[in-house]
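Both complexes below contain subunit A, partnered by subunit B and then by subunit C.
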Partner chain A sequence: MERLKLPATLPSLAAFRDFVSQAAFAAGVGPQLLLKIEIVLEELLVNHVMHAYGSGEGDSEVVCFRKEPAMFCVQVIDHGPPFDPLQRPTPDLELAPESRPVGGLGIYLVKSMSSEVTYERDADRNVLTACFAVTPETELKSQAD
Partner chain B sequence: MKVEIVPSQQYVLVKVHGLLDEACKAEFDEQIHPLIDTGTKKLLVDLSGSDRVTSAGIGHLVTLVSRANAKGGSVVFVNPSAFIKLVFHTTKLTKFFDVEETMEAGIQRLLEG
Partner chain C sequence: MEIKNRRLDASQVVSISGRLDAVTAPTLDTHCKKLIEQGERELILDFKDLEYLSSAGLRSILSVAKAIGTVGGKVALANAHGVVREVFEISGFLGMFRIIDSLDTSAAT
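On to the complex of A and B.
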């Protein structure tokens, strides 16, 4: 399990991205799945930085770990007020974009690109966990393959 | 995000640089939307300088396309990164957005449209 804790600010995003990319690479995640992980991370972190602490300050913590069978997971943790973004309704993507209700698209991206995503309120922490199945199609191929 | 606007005789090229997110609203409101409001009918948006987009950034792109369409104009996006292509595809925006892989294909689509 690897973790990185930084101030919940936009300048921290690049360090979080690099941290997760390196952990995913070490876990054998291939480029196509890494792209999905990056999109999910972007949505979770930007939402987190903009809203977790209102106008106040706080830290963001990102934890990467592997879970059996063959899952790579990313947790985004804050100490803000309880908030479960997964409860947002899914937008109707069959509607023309200008007719779609505002909001909900980010969490739709998170849900649709993760194999599973969960929210937990753990003491004073919001813990969002997104896991990605590392299958033979999505794992990093060695040079010999 | 930074915006570079390059007018030509048949269309206006808009090059965007940096993350397309919530914070881009000022650039859209102050630099890109006025092009549509002052009569530009054909807008080519070069995404090669932006490798990422968030859902909030998508909202800005939707507003731009809707605004252009409402005024009889059209917008073509070119040079999307793999990240942006996957977001467009997942959110089913490829049905509504005109997207081309290259500048040449984008210009052709814009001028034929």
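On to the complex of A and C.
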């Protein structure tokens, strides 16, 4: 299990992304699945930047681990007040551009792109865990070619 | 992320390459709104060289669509592929915008 803790700000996004990419690469995740994992990571971190600490400052922590059978998981943790973004209602995807609200799609993408995603409140921490099935087609091809 | 413009008949083609994420999305928003201010009424966003798109990018596209909609214009989405297309599909954007799968052939019509 590997972890990285940085301020919950947009400039931290790149470092978190590199950190997760390396862990995913080591776990045999292929490039297409990696892009989905990066999207889920960004949505969860941006959620922190916008909501977790109000106007104050705090840290985001990211943990990567493998889970049997063949899952790669990314955990995103903050120390803000209890907040479960997964409870957000699904946006109305049928609305025309003019009447469509500009927000709400991020968490929907998280739910759609991960194999499973859970929220838990652990002491003073919000813990969101997104797991991705590393199936043969999403696995990194052998280095032979 | 890199943004380039080219004219195609009455449209302005805006090609976006690289990653459209929470850090870069505001740049696209500003860029397109400047084009609308300059009088452009048909924007074609070309994603041929875009490899990554998050909800921040969707928000920018939606915001540009609303801005051009208020002055009677339109946005079309072109050449989305891979995970970018998947994000458009999940979010319902494929049903919401004019989709151009091959920019050059559709340009002739």
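Following the convention adopted for this analysis, the second predicted complex is superposed on the first by the 142 of 145 C-alpha atoms of A that agree within 3 Å, B and C clash if a C-alpha of one lies under 4 Å from a C-alpha of the other, contacts with A are read in each partner's own complex, and residues count from 1 in each chain.
In this text, a contact is a pair of C-beta atoms (placed from the backbone, for glycine too) under 8 Å apart; a residue touches a chain by one contact, two chains touch by 3 or more.
Here the structure is a predicted model, which is why all the values come from computation and not from measurement.
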- Task: Have a look at subunit B and subunit C on subunit A after the superposition and call it: clash or fit.
- Result: clash
- Counting only touches as set out at the top, which of subunit B and subunit C does A:Leu93 meet: first, second, both, neither? both
- Query: Is A:Glu42 touching the first partner subunit B, the second partner subunit C, both, or neither of them?
  - Reply: both
- Query: Which partner, once the models are overlaid, touches more of subunit A's residues, subunit C or subunit B?
  - Reply: C
- Query: Between subunit B (first) and subunit C (second), which does A:Leu109 come into contact with in this model arrangement: first, second, both, or neither?
  - Reply: both
- Query: Where on subunit A do the contacts with subunit B and the contacts with subunit C coincide?
  - Reply: 10, 35-36, 38-39, 42-43, 46, 93-94, 96-98, 100, 102, 105-106, 108-109, 112-113
- Query: For the complex, which residues does subunit B have touching subunit A?
  - Reply: 21-23, 52, 54-56, 58-59, 62-63, 65-66, 82-83, 86-87, 90-93, 96
- Query: Which bits of subunit C are touching subunit A when the two form their complex?
  - Reply: 21-23, 51-56, 58-59, 62-63, 65-66, 69, 75, 82-83, 86-87, 90-92, 95-97
- List of subunit A residues in touch with subunit C within their complex: 10-11, 13-14, 32, 35-36, 38-39, 42-43, 46, 49, 93-98, 100, 102-103, 105-106, 108-109, 112-113
- Task: In the complex, go through subunit A and note every residue touching subunit B.
- Result: 10, 35-36, 38-39, 42-43, 46, 50, 93-94, 96-98, 100, 102, 105-106, 108-109, 112-113
